[in-house]
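Chain naming follows the written order as A, B and C, and within any one chain the residues start at number 1.
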Amino acid sequence: MSNFLRNTWYAVGWSSEITGDLFSRTLLNESILIYRLPDGSPVALDNRCPHRFAPLDCGKLLADGVVQCGYHGLKFDRTGHCIANPMGKGKVPSRTKVRSYPIIERHQLLWIWMGHPDAADPASIPDYSYITDDSLDQANIGNYLRVQANYQLIIDNLMDLTHVGILHEGSLGNESMLAGQLELVESGNDVCANLWMPQSEAPPYLRNRGPIIDQWLDMRWTCPSSLSLNIGGTASGEPIERPSNFNAIHILTPETEYSTHYFYGTHGRLNPDDTIEQMRKLQTHAFLEEDLPMIEKCAAMMGPTQDFWASKPILLESDAAAVRSRRILDRAIAQEAASTCVAHTTE
Amino acid sequence: MSNFLRNTWYAVGWSSEITGDLFSRTLLNESILIYRLPDGSPVALDNRCPHRFAPLDCGKLLADGVVQCGYHGLKFDRTGHCIANPMGKGKVPSRTKVRSYPIIERHQLLWIWMGHPDAADPASIPDYSYITDDSLDQANIGNYLRVQANYQLIIDNLMDLTHVGILHEGSLGNESMLAGQLELVESGNDVCANLWMPQSEAPPYLRNRGPIIDQWLDMRWTCPSSLSLNIGGTASGEPIERPSNFNAIHILTPETEYSTHYFYGTHGRLNPDDTIEQMRKLQTHAFLEEDLPMIEKCAAMMGPTQDFWASKPILLESDAAAVRSRRILDRAIAQEAASTCVAHTTE
Amino acid sequence: MSNFLRNTWYAVGWSSEITGDLFSRTLLNESILIYRLPDGSPVALDNRCPHRFAPLDCGKLLADGVVQCGYHGLKFDRTGHCIANPMGKGKVPSRTKVRSYPIIERHQLLWIWMGHPDAADPASIPDYSYITDDSLDQANIGNYLRVQANYQLIIDNLMDLTHVGILHEGSLGNESMLAGQLELVESGNDVCANLWMPQSEAPPYLRNRGPIIDQWLDMRWTCPSSLSLNIGGTASGEPIERPSNFNAIHILTPETEYSTHYFYGTHGRLNPDDTIEQMRKLQTHAFLEEDLPMIEKCAAMMGPTQDFWASKPILLESDAAAVRSRRILDRAIAQEAASTCVAHTTE
């Protein structure tokens, strides 16, 4: 049984990824077709033609948001209903349709709802409003990676930032950051893991504050898999402005049980002379060369099912936030499975 | 459980593929050894040595059609019996043999019978006699593709030629062909899907009949997986000679449940100045660049079991012939499974 | 269920492979970390960090044989106990450790014990003392191959050397060797398959004894998977010195049920002017170009489970030694499974 929360919003792509063409991405083991109507508003449909199962993104986008299957030409409107059969006498069986999904564009991201459509409340989309605030010229966004590991292993990685001192030594961190004090704050379905590292060695991107500074890495996790990290540091004795105006975006969406879409970026300015390109390079290097290989190797060491609790992990103090998030997510999935409100069908 | 019809003839190769060497091809999940006797007649044996399971095609073809295993040297005659053990004192256990299969060469193709040998009636080999008629100089044959999809998905493709108007738009067809009238004719285990497209735009290979012509695409399916397509067109008002002297060959043989051997070609002449090379290019382009990727993508969308009925396809009028073929084939497989005449063993 | 003998010594690497760095190799489906202490003595630990399952060989080797995990920095001593947690307040849960395995270096090989540590008796390490005798300058050792087949299929290959006359015709053997007489000698858990080939054609490496000689290939198998082959030949009528001072090393260690580590080499001198490089070339060619492809093909022909007895092999006289070894090994595995002495846990 797949084990995903369905009644929730998942990021399915950056605004910049969905242009004038048909686009598809697999989420929660399902191939989803995404495109825009003439007015730019997004549409999400099941990507599988109900006739002979051709992927609809291999077809054509016609006028008015009508999609034509590339195999035998059935036409579907923006609600997923088949509105034309160009073959023979053109009869369309009455129930010919593909499932349509609520999709909303907000703050440069497209969010999809894979659960029961009636429960889709736009107010519960995770808040990345900082992306579109007036510092937009410092938004390093639109970055995407695919990770060959269960998404919860990446949440574990992000919710325990002590790894920055070891795995990212020399790039994002250093050993002096290991001794940080972790504060765990829960509010609703959010878990905040705030790491306070007084009198620690400044990493390159905070070097302008002095060699030894008071630093913080404040991570906020929103159930199931949207994270945001506030980063800052202050020379000793200076007034601390926490949160800073610098945030790192980490948004995860399960592709399958064993692979994950990773949308990432940064927003704001740590040093007056930082460029977007520098931030992108630093972040991409750390993710692609350090986190991603390590997470994929851990996943491989866990064996084909990647079953976390069955692998009997040792739990450390530094795991408190990650374990808290896992427990909240496990509980939400179990509650949803127990309720009757879930819609897995195309009806 | 594998789900193949066994008491039937399958094409295993073109005559031109089986030369002086040992050759092997996997059919119905079984690796088959094929070679020729000194007089040219073909032999088909189980390709797995009964000693330590070496593939016999890695051995040597000796005089008189004797095959020697390349691992420890056991020798097998054309009937599959082990006739010599070169090791030690040379004793051969009495039941040492590999299964032999009826194989017949006809009309440039080799046909194998994977079921009970007593039931192998050469009269039931599908009729491709046109390949060797006096227009042989216009026979574009010997073409082979391997498709990563269940063979029935390819039959579906061929038995519903309305896809020519969409998938092959600009190469083999155009949208004006979509409105064709389908006539379904059943005779014994054959299903004919005859598509009549009056007053439709001529495709490139019929352009010499005029821009708007009366066209036909008459497909004949012989259970389980041999197809032949008669193609023609006539300027409006001219007398119609149907069938034409142009046929396209489509012969499918399951390799596994999820992969298929595809033997294809054409025979005859549509335009006086068509060359064999032009026909091969047109046909290979359409199969390799259009049909094959689409069929493999549909198979992938169906998930690992590629279970057609479980995927609950919408059935359209244009599916009538494909569905008829599926029902006849399903019934034949079920009947065979129920009978006691099937031989899956090497006895 | 995996089906390996555990209370036994397996070769895990050549001495030359384990240098100053962390090294890992998968044995019996388990990833093992191997490294050396400052005094050169070897250590073998479970390669999987008990915290978040990072492979420890991606970490760092610190002073005194302490290994630091590369993900969050836990430190493990040579016995596998976690001795430091650099994160936060540094608490280490009491049972934080990785399993440690007895490992012994002997005669240029490292041997590991994957079963119950109390049963690990160094006296039962297979005897390859000839590697370090005074002809060491003629030791062609340190060679390694990975074979995509169950290790028992390679034992079958080695215990029936009649295949040398067919598979290695022209490289290691010739057809005149097929008529050899097999003598089967059992002593304890060793099986010797001694092949005596009087008046047979000399292979290249024995050509200096004359064109037709009395030859022997005397293979000794030590349960479960260590083999040694004594090779020699004498001109007819000359006194026979058997064993010769030339041995070929064949040591197998299961990586998984379907793949095997193969450590091989030669020791001694057949011709006064043979060089180590010539022997390495000859042996590597025969294994890499002839045995390995054949064994991997046989494994593939046996299907995904590679189940030997279920495949119902024909048994020939020349199989006597291989079958004897299989029966001894099967019995040892069954006895071990029945006993309570096996330790699969990390306790």
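The definition used in the following text is that a contact is a pair of C-beta atoms (placed from the backbone, for glycine too) under 8 Å apart; a residue touches a chain by one contact, two chains touch by 3 or more.
Molecules present, by chain and UniProt name: A, B, C = Vanillate O-demethylase monooxygenase subunit.
Please read these numbers as outputs of a predicted model, since none were measured by experiment.
K.L.:
List the interface residue numbers of chain A and of chain B, divide the shared ones by all numbers used, and answer same when the ratio is over half, different when under half.
P.N.:
Mostly different residues form this interface, as fewer than half of the numbers used are common to both chains.
K.L.:
Taking only the C-alpha atoms, how many degrees of rotation bring chain B onto chain C, rounded to the nearest 5?
P.N.:
Going from chain B to chain C via C-alpha fit gives 120 degrees.
K.L.:
Measuring from the mean C-alpha position of chain A to the mean C-alpha position of chain B, what distance in angstrom results?
P.N.:
Centres of chain A and chain B (C-alpha means) sit 47 Å apart.
K.L.:
Can you list every residue of chain B that touches 2 or more other chains, as numbers and ranges?
P.N.:
Correct list: empty.
K.L.:
Which residues of chain B touch chain A in their complex?
P.N.:
Within the complex, chain B touches chain A at residues 153, 156, 160, 162-163, 165-167, 175, 178-182, 294, 297-298, 301-302, 311-319.
K.L.:
Which of the residues in chain A come into contact with chain B in the complex?
P.N.:
31, 47-48, 50-55, 58, 68-73, 82, 85-89, 91, 93, 95-96
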